[in-house]
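Next come the structures, one after another.
Look for chain A in each of the two complexes below; its partner is chain B in the first and chain C in the second.
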Partner chain A sequence: MTFLPKPKLHHPELPTNAIGLTRRDYEGAISTLCAGCGHDSISAAIIRACFELALPPHRIAKLSGIGCSSKTPTYFLGQAHGFNSVHGRMPSVLTGANLANRDLIYLGVSGDGDSASIGLGQFAHALRRGVNMVYVVENNGVYGLTKGQFSATSDRGSKSKKGAVNADTAIDLAGLALELGASFVARSFSGDREQLVSLLKAALLHPGAAIIDCISPCVAFNNHAGSTKSYDYVRHHNEAVNRIEIITGREPIAVDYAPGTTVAVTQHDGTVLRLRKLAADYDIEDRAAAIGFLEGRRREGEIATGLLYVDPDAQDLHAHLGTIETPLNALDETALCPGADALAAINAALR
Partner chain B sequence: MDATDIADPDYFHKVVDCQYACPAHTPVPEYIRLIAAGRHADAYLVNWHSNVLPGILGRTCDRPCEPACRRGRVEEAPVAICRLKRVAADYKGDITARLPAAPERGNGKRVAFVGAGPASLAAARDLALGGYDCTIFEADTRAGGMIRTQIPRFRLPETVIDEEVGYILDLGITLRAGARIDSLRALLAEPFDAIFVGCGAPRGRDLDIPGRAEAAANIHIGIDWLSSVSFGHVERIGRRVVVLGGGNTAMDCCRSARRLGGEDVRVVVRSGYAEMKASPWEKEDALREDIPILNFMVPIEFTHESGRLTGVLFEKVEARHDAEGRRELVPTGEPPVHIPCDDVLVAVGQENAFPWIERDIGLAFDRRGMPVVDPLTLQSTHPRVFFGGDAAFGPKNIIWAVAHGHEAAVSIDRVCRGLDPRERPAPHVSLASQKMGIHEWSYDNAVSTDQRFAVPHRAKPEALADIRAEVELGYDDRLAFAEAQRCLNCDVQTVFSARLCIECDACVDICPMDCITFAADGPEAELRARLNAPALNPDQAIYVASGLKTGRIMAKDEDVCLHCGLCAERCPTGAWDMQRFLLTTAQVEHACRSLSPA
Partner chain C sequence: MPQPLASVNDFVVKFANVNGSGSASANRLFARAIQRMGIPATPRNIFPSNIQGLPTWYEVRVSEAGHLGARGGVDLMVAMNPQTWDQDVAAIDAGGYLFYDSTRPIPRARLREDITLLGLPLTEICNREYADPRERQLFKNILYVGALAALLDLEIPVVEALLAEQFKGKEKLIAANLHALHLGRDQARAHLPCPIGLRLRRSDGVGDRIFIDGNSAAALGAVYGGATVAAWYPITPSTSVAEAFERYCRRTRIDPATGKNRFAIVQAEDELAAIGMVIGAAWNGARAFTATSGPGISLMQEFLGLAYFAEIPAVIFDVQRGGPSTGMPTRTQQADVLLCAYASHGDTKHVLLFPQDPAESFAFGATAFDLAERLQTPVFVMLDLDIGMNERLCTPFAWDPARRYDRGKVMGFDELESGRDFGRYLDLDEDGIPWRTYPGAHPTRGAFFTRGSSKDRYARYTEAGAAYADNMQRLTLKFETARGLVPHPVRHDAPEGSRIGVLYYGSTSPAMDEAAELLAARGTAVDCLRIRAFPFHDDVAAFIREHETVFVVEQNRDAQLRSLLLIEAEIDPARLKRVLHYDGTPITARFIAEAIAENLALSRIAPLRKATP
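What follows is the complex of A and B.
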């Protein structure tokens, strides 16, 4: 937590992106989270990802629920639309907003309490419906705002700061998302900036429901020996399956890897995700294998990170429902209220 | 690359760009903070300890600190360090009781000083405080040297000179005014243990072109003319004046001429405007007083009629670069330009002159007629004779003279105590945490975004009417505070302990200037290129720390760090700390030790 606002002065050579903005233009208010919070690292990664993709901040909607994680949208993208909703209800609000205006980029920010406890049902249905969004879970395995009780993602056997041992099974949000039919499933770590930024960029470009379960150490209540979500533990048990480069057509392919070590995934909107494979025989388009792989790594006590699964032919909620391309706020009154005759015609068709 | 050794005082000293650039190494941020706190007397004493003549330098210094100021790399203009120094002098009140006194019992050693200019005054102050019996010989009737004779009163009031020269002479120093030294041999024969030569570069260069002798009555050598003006021997000049030369003396000449009846005063310079030797602010002050500066014109003849000067003839030149990239001035072939005038002031440079030093007394001179002087010790080839100021290495400026004075005093002290003067005493250094609480520092870490404040000037008609009316009025309280707040506190250092770091990246994210990177180690050139913000200024160090758990290194580019302390506020483990680095150069022992502020 810092009382001083970040000085407006910036590096004289600060680069600008394709739309003429600097990275600083993607920042928000100064964070009031604890110093060293993993969530602040995720905010910084979101800022960098949006800057690098040259997304216009005012075309982004950031939505959140309640908790430390859900405070963070204030701390990035100060020029974006924001909605700080009810505890665990971000997915519903996001779904509604998306239905009303499909032209915005939707960024849902939630935590393990907000998504895995009070909002688990909401979490499930938003993914199941394939809402086109990036759903970031800032997962620290602890209720930080209420001083460090175990959350639903705390691993069985992990220790609280006071020494209590968790007896409950953890919910694996990435595994759950695979079950639920999310078309982009990734896991990352707030302490691995390069991986997180590239996953965020890939997720932002994914035309479907994308979720990133991001382990984010709580420095105040869950960064001690015995915790399985501390900086040290995650660094020691992090097993990345791949590294991503995103090719949007603008940039040339910079790095050449040995044949067989990379794989390109072309999504139906033309974006290409180029993956450098770290686990040799891992197929990211195979959902069943991904579920098995997660289970296997968990049994070994490892944390699998990277892009775990992507469906290149993902379709979103609008495609399922056959909604109109135009956002509702761009339709005139006659289109939105076609009148009693139109209603009568619909009713007749249903008789 | 190698991890940075922050125990080496030079490392953090270099981060304090202003102090490092100051020849006398004045702890600039330290006194600027004191000014902001309204502690003007304390600020003055910090200056007095380091640069001896704060009120004088606060008006006349060449300010090597300002081009070095980090603020100038972060935004447009550096902090007005020089004029803040003046603020300390203007508002200090009576500090005489706080000045140190010379020891009651001297050490019995006697030192003679030739010339009472800034170099001698600085050396004499240090030695007098160290218990030496000091005697200054000065050809003029009053002490001060070029400070008194060459700097016009509208830039430096006489009261300021009297006050600050007085503080030094009051330490029991004997001034032999009006006593010109004609023979070093004779002086060496007197019972002095050491002799310090601080006689300046007293000879103004002349311009030997046709008409010089015929029109001599209206052609004046700049520094001699300034001196005559200073002592009241000259009170008028012709209506039309041409000043030849592009240095600070030329600027003083033209502005003085404007005040003594010169209505049409022009400065004519061989080189281009940007290449002129005068400080930018002095050129601006001249322009502000309606004095045109004409460039790329070389004087070729003084025109005259029946023994009276009528003007100067100039050849027009342009700058060209030869095959080796050297700039040379080549005639353009245009017809010569005649500028009619009543008087000419020649300010085309100064030379050293040592006709009073015999060449057979064991004191070697080089081919250019300059004494052979060790730049470290200021000792000549005669072990008892030391040089400083313009007399040592040719014309420089006051602050260099003061720095020479300090170093020569240390050398004289060591020689008198039978020690090797080439072994220099180490500086006094302290490094102390400024942490007061979670978000509380004992310095004001908020970064001001104000642009540099201009110093108020006296209205032009009033200023031009009286050569003794000081043009700059100095900052008032409010402006001084606001300008002081622009200082980035570069002496409050970012100190990193890898042992405590958990590599959470909080500091990386909060740093407004993208100074901090955690990355794999590599050779310096390669590392500089791949930092979060590439470190392209090779003059500024990279602070590297190893010993992190992941095996990476922390690399901080010092170049544009605001010293705002946000990295330390954001750090959950205290791996970053803000620590005040205070370095004071060693002076003659027992000299003003008690002057360091709390």
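What follows is the complex of A and C.
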């Protein structure tokens, strides 16, 4: 953590993106997390993903719960409205915000305590409703702000910094998300910037409920021998199933790959995700297989990362509810109030 | 035997039924027919937390004088439930009437000598007339309506017209129902002394009033008030608010060009998620509400504190039921007053509105959204089961076509672009209400971070004591501003004025109006002030000052509104006497009048010490 204010000056030759903004335009306030915290890497990846996709920062709404992870939205996208809500309840606040204005991009940031313990219910229901969002869990397997208690994603048998051994079964948020019907499920590692940035970009382009379970080591309380969420452990057990090479909007794909090594997924809104396969037989559109695959890798003590599942025909909550294309928050009396004549008719029917 | 009761257009009929037997629509038909004869009739459904099999009652108070509160007592019992026979027979006033199914003989010991017995073999008639068991049950209900019509002089053509409206387009059903109705009427005429002493006579006491339940009225208020997002979790007695909102939206809020919805309704996984969605939607500039009851408010506490402190509008319809805990889910109380007024940890205060009937449920249901956005804070509309789930005659709904929504202080793109200073918690207008921006309003201006933690005027996180205190003081000022914006109290003084004052609110209203008449008839006139909102208007404290003795009439055990008055208006506790009714039944005029009269009589007795020389 540093106490120096962030300079506002930009280098005059900083590269700009398609809407003329530089990377600096996507930054936020300076982080107050511990030096080396995985969460800061995730913030940097979000900044890069949004910059590279040339998203207007103010059209993103960033929402979070409570905890170290939930502090991070202050540290990126300074021109976006942020909402640091209640512990474990970000998904409901995000759902309501999304209902009010379907035109913004919703980025939910949460942690393992926030999503897997106190907020497991809201995590589940936001995913099963298909809220159009990117839900990033910054998963470090530990309660950081209260100094080192196990969280619900701590693996059975893993050791706390003080030496206690966790006896409870871990909740696999990616596995759970698959069960719950999330239409984009990925896992990543804060130490693998390239993978995380490409997954974030793909998630931001996915028109449905996208979840990224991102292992993000806690340098203060969960980076020791015996932890299964330390930098060393995750580096040695990370097994990526694929690499997203190119994400395009509606432009044609110009790069050629050897047949059989890549797979292209065209989503119903026209966006295309092109993936380079690392696990030869892995079919990212097969949910049942993904669930089995995750279970198999877990048994081997490996951490499967990459895009685990995508439903290219995903529909979101607005489609389910049949809401009008105009954001609800833009409707006025003329669209909303049935008026005095309609009321007279209602009165007449009640006599 | 005492003289059989005799009364025209002023009596109470109570139906004792089995839940799920289809009696509700027949009973409603009876009440509606009386209203169509121009006679004010007020039904109350007394039902268990059950779908089928348990006892349920439906009480219809007929009152030419227009008293809509529960009266207490029963003049005519329609006893259709063997499970509750003994208690139903015992409930009849001396000289009253018992209408019952005499198919099976009833031992004398289970009847009474001081009432008129009106037995008709309903089951036998139905078994003879209908083969299908379901028809036997359903038409038995219509059969007794026909019999009651003959007994009470209820106009048969009025009932026929209502049946025709109800089953419009289903001619076969109309014919079958008319047959049962006429059969009941004819059997009663043939075998019973028609009419009895209780009679209906056409009147003009209903006027242009409408008949609707408070929950539907509140939901319609939300439609008119511009609510677009509703998030809710089913809980008795509030469920029908969300259901009615959906029904009215389907009728009035479909975009004609696309057939798409100008509303979004989500049945949440629990009340925490429901209020979370409301807060998220309102933060993002939509008008949003939830409907719940006491247990739901308990669950929402943390979020309500966030909305208070982060200053986000929210409308909460609390249809109160008997507490604490699960309490009496299908009985009425006004027992969430303190829970809502001070919801959540830390120093919090919330705006409460107390509608007296469906008409005010509609009006406050719409106004709550203006208040919530103007004040940027949660606003509670405090209904209860008695108002919410019972249909009641009330003044027609009104809407001024020139009315515009008050969206409160929102800086849009143009104001931000013009360079106007934006600080989310800056008090530019010195009324305690800051300006806000909606997400996405401007590329480089107006963004801020919303949080439940302490912050400075520019929404920057701080734990500095001075900045925290500054913010809390501004919130206090904002609550003062609210005092001037919420509905004012309504005062009804005795013609000559009185030294006795009565404060009351919400569903107590019709019983209190009648109690004031009862007391005046006994020579004890009272001045009445109906409180319609918290924070309390200055007129409330003035009213208390003006009166020697002040009663606070409430439907809870702990005198919650009285406590709120003591705390917030700094009233001397000795000044406010309690009149409390909390057994879950609606408060009655008789109860209030007795309690006040008894208290006044006691206070007139000189203390012993002074009496002794």
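Simple rule for what comes next: the second predicted complex is superposed on the first by the 321 of 351 C-alpha atoms of A that agree within 3 Å, B and C clash if a C-alpha of one lies under 4 Å from a C-alpha of the other, contacts with A are read in each partner's own complex, and residues count from 1 in each chain.
The rule is short, and it goes like this: contacts are C-beta pairs under 8 Å (C-beta built on N, C-alpha and C of every residue); 3 or more make two chains touch, one makes a residue touch a chain.
None of these values were measured; they are calculated from a predicted model.
J.: Touching A:328 in the superposition: chain B (first), chain C (second), both, neither?
T.: Second partner only, chain C.
J.: Let me test your reading of the model: by the given contact rule, A:10 touches which partner, first (chain B), second (chain C), both or neither?
T.: Once the two structures are laid over each other on A, A:10 reaches chain B alone.
J.: Between chain B and chain C, which one contacts more residues of chain A in the superposed model?
T.: Touching more of chain A: C.
J.: For A:219, is the partner it touches chain B (first), chain C (second), both, or none of the two (neither)?
T.: first
J.: In the superposed view, which residues of chain A touch chain B and also chain C?
T.: Chain A residues touching both partners: none found.
J.: For chain A, which residues count as touching chain C in their complex?
T.: Contacts found on chain A: 56-59, 61, 63, 73-74, 78-86, 89, 91-101, 103-104, 121-122, 124-125, 129, 317-318, 321-325, 328-329, 331-333, 335-340, 342-343, 346-347, 350-351.
J.: Residue numbers of chain C touching chain A in their complex, please.
T.: Going by the criterion above, the answer is residues 208-212, 220, 223-224, 226, 228-229, 231, 252-253, 255, 258, 260-266, 268-270, 272-286, 288, 302-303, 306, 396-401, 403-405, 437-444, 447-453, 461.
J.: Any idea which chain B residues touch chain A in the complex?
T.: 73-75, 438-439, 445-447, 449, 502-506, 508-510, 512-514, 533-534, 536, 549-550, 560, 562, 564, 566, 569-573
J.: For chain A, which residues count as touching chain B in their complex?
T.: On the chain A side, the touching residues are 1-4, 6-14, 24, 34-38, 40-41, 43-44, 190-191, 193, 217, 219, 223, 231-232, 235.
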